[in-house]
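The first chain written gets the first letter, and so on, giving A, B, C and D; residue counts start at 1 in each chain.
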Amino acid sequence: MDKSVADLATAVAGIEDGMTVMIGGFGGAGAPIELIHALIDRYRASGHPKDLTIVNNNAGNGHVGLAALIETGMVRKLICSFPRSADPVVFTDLYLAGKIELELVPQGTLAERIRAGGAGIPAFYTPSSYGTDLAKGKPVAEFDGRSYVQERWLKADVALVKAETADTHGNLTFRAAARNFNPLMCMASKEAVVQATRIVPAGVIDPENVVTPGIFVQKVVEVAHPQQEEDLNRANAVYPGAV
Amino acid sequence: MDKSVADLATAVAGIEDGMTVMIGGFGGAGAPIELIHALIDRYRASGHPKDLTIVNNNAGNGHVGLAALIETGMVRKLICSFPRSADPVVFTDLYLAGKIELELVPQGTLAERIRAGGAGIPAFYTPSSYGTDLAKGKPVAEFDGRSYVQERWLKADVALVKAETADTHGNLTFRAAARNFNPLMCMASKEAVVQATRIVPAGVIDPENVVTPGIFVQKVVEVAHPQQEEDLNRANAVYPGAV
Amino acid sequence: MTTKLTNNQIAWRAAQDIHDGAYVNLGIGFPEKVAQYQPRGREAIFHTENGILNFGEAPPAGQEDWDLINAGKRAVTLKPGASFFHHADSFAMVRGGHLDVAILGAYEVAENGDLANWSTGPKGIPAVGGAMDLVHGAKRVAVITDHVTKDGKPKLLKRCSLPLTGVGCVTRVYTSLAVVDIEGGRFVLKEKLPTLSLDELQAVTGAELLVAGPVADLIVPEL
Amino acid sequence: MTTKLTNNQIAWRAAQDIHDGAYVNLGIGFPEKVAQYQPRGREAIFHTENGILNFGEAPPAGQEDWDLINAGKRAVTLKPGASFFHHADSFAMVRGGHLDVAILGAYEVAENGDLANWSTGPKGIPAVGGAMDLVHGAKRVAVITDHVTKDGKPKLLKRCSLPLTGVGCVTRVYTSLAVVDIEGGRFVLKEKLPTLSLDELQAVTGAELLVAGPVADLIVPEL
């Protein structure tokens, strides 16, 4: 079994018009910049994929990574918790112009909905957002005298994920807080596509230290020197362009 | 911060009559034999704690560990998925005599109910047990054309847990398949009491390799040479007795 | 009647349908035998509910590590690329549809796909384990079983009489006499022992066997 | 009116109530200051939603590791005993009641414990982050805030006018003028600046301040 693929273009080849794509990362930590840029390249060359629904905690920053994806015009809808960041002008302009949809989800609910999607739990109850505008239209129920909101699972066709080490079976480790949503998105997508700083033979990662077992991963591609969104933005990088 | 306690008796001192106690382990792997035996010692010396509700995957084997706890008469009710094992005569006899209650839960539902208890999710839906006797009396709901059973969280007053390495903050690693229910039970209990093969200073365990973060753990006690239920049973050990 | 397949032979037949790279859960007991008969050149990854992916054969007697066991509490070994995880993650794999195949034993299977394999009724100690989870989630849920009970009664039935493990969950049954698919709430015969007539097979089956296409000979090596 | 406390002084006061060994989440921005004022001899463990327990101060400029950030996306460092975990585990800590204290900022706090701190209304881009999760689950949810808005209007109100973050969730408010508890759906004054009269304080508070016991002087060092 070898889940590694040769290049980034092959890695993102399975994404089609109208798909839901989860993208890992919280801010720049764990953001799979190279996979996102490969997807932008494909769109610019072919006009596809478009009308994507993207799931991410944020709405991108500056003009690279997720922000660049949005700027390119491929994204129909964003599901996220915090689209207001340091420099999200790309999303802000499109949103205020009514050109992109937003589904705003509390961060913990977003994480749990994604986990539920991966774990086969179609719905669950959470206290988060009870009594607020974000609970409008959702079923509520009382358990042990307290009120809760029912939330539905969230699944995706594809997840784009950044890992530190991957083995050929797709077992993954992450780096520091770059872990964030990445393991959950692997679980919740039909095809989890992972860029890893290194790909090693099966057996190299200690079974005790595997964070995401390979069963949740379909493709891995090595990106030995991944770019960090924060560094790119501090250099005012623009993609495509002088990245 | 130092969550380590000096001895097993201190570790189990917080368990009172009528409490719900989760006990880690699947078969003998990850079963906190020494903590269980310390609890039996306390009961034999003082008559307390009694009327316990125990949550475990199984019903014990032979006459040590959980089986010995049940045999001692401290347990009013067992919540488990598989009380029929190699040698569960202790539970079998008491159950058939109507002297112990049983709540039978599918194994995956048991795990998820415990995680839900730890994660603040009061209820969730699962396909498991739909249409079976174990779903009787539980609410059902349809999502996307498929039927699901509503299950409630499961929490405990105390969890007895076996880990491999603990640090003074209560960060834990486990050993192989001895992990099983142990991390979940730490999450779902007010007081997670952990026996670890070694206790190390905070900072020794790589933050990447912590399986259970210390926030879920209240007490750790070192048991440098833990007994393995399977070995004890193969030697026909009986507790208390020639263990 | 013809000589039926042995359990090893049923397990062998089931193993032939496991594709390279498949993630597979084998139920406790008889289904565990399937792992022995993986076709050469194919690499399946075995999952056990208690938290291991990619475990291998039992170690030699005396070399067991009792922290390294499968759901049947038997000692196993690890293969390269193995991983450990807790029970909630393990059943996320099961319930979340990540397993390609689950192969289970059965007391009864009904033509509507219902399975009964956890309880023989109100007497004795009930015990369910992971069976009710495994029947939901795996992309393909198959059963391996003798075609009839020890008393000679059919195990493939119109409706189950014993307490159900799952509703409408089984898609293929490998028996000691035949391979039967469940399609649209009916048993569809796919393979049968060549020495057995359709009438003979129908006589020991508790619901109608449809023949919706060619019925292949069920040919299995001596094992 | 008397000189109000600076943000640093409000943060200092809030820090005095954090017990040794407490697990604490500090909201983005102003609440992050609380970490600087941990009393000597007490060790709190700080949690950040994006998956770190026991992080420490910012590294020197130029030595940032942008994979090691807090929920405010600022670079942090690690203290001994730190751990990393994914977002679902992180919010299990939050929602599951494992944090001892969450300290958040506020646009408005109501006497019934309602909090509004995520949206100033329908204009602009809505963004909620982890606030709606943090207000549920932590054993104690405290707010630090100026006592009034920049326009001098009360932020402690009978009922919130802005979109709610959580219902009945706040138990203590540290302001630039006072420390106020929420008990039984009422504001109960616990401490006030010694130079400020009760009437003066009431005049800038949008709901009645109960005095149900001794009111201590709110005394804070120069910072």
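Heads up, the rule we're going with is that contacts are C-beta pairs under 8 Å (C-beta built on N, C-alpha and C of every residue); 3 or more make two chains touch, one makes a residue touch a chain.
Computed from a predicted model, the values in this text were never measured in an experiment.
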Reaching chain B from chain A through chains that touch each other, fewest steps: 1
Whole-Å gap separating chain C and chain D, where each centre is the average of the chain's CA atoms: 56
Separation of chain B from chain C, taking each centre as the mean of its C-alpha atoms, in whole Å: 30
Intercentroid distance (Cα basis), chain C paired with chain A, Å: 36
Touching two or more other chains - residues of chain A: 112, 115, 119-121, 126-127, 174-176, 207-208
Of all residues in chain D, the ones touching two or more other chains: 52, 84-85, 88, 91, 94-95, 136-137
Contact graph of the chains (line, ring, star, complete, other): other
Interchain contacts (touch definition) - all pairs: A-B, A-C, A-D, B-C, B-D
Residues of chain C touching chain A in the complex: 20-21, 23, 43, 45, 47, 52-54, 78, 80-85, 88-89, 91-99, 136-137
Residues of chain D defined as touching chain A within the complex: 48-52, 64-69, 71, 73, 84-88, 90-91, 94-95, 114, 119, 124-133, 136-137, 163-167
Chain A residues within the chain D interface of the complex: 26-30, 57, 59, 81-86, 88, 91-92, 95-96, 102, 104-112, 114-115, 126-134, 174-184, 211, 228-231
Residues on chain B engaged by chain D in the complex (per definition of touch): 1, 115, 117-121, 167-169, 171, 187, 201-203, 205, 207-208, 210, 213-216
Interface residues, chain B side, partner chain A - complex: 112, 116, 119-127, 141, 143-144, 146, 148, 152, 173-176, 207-209
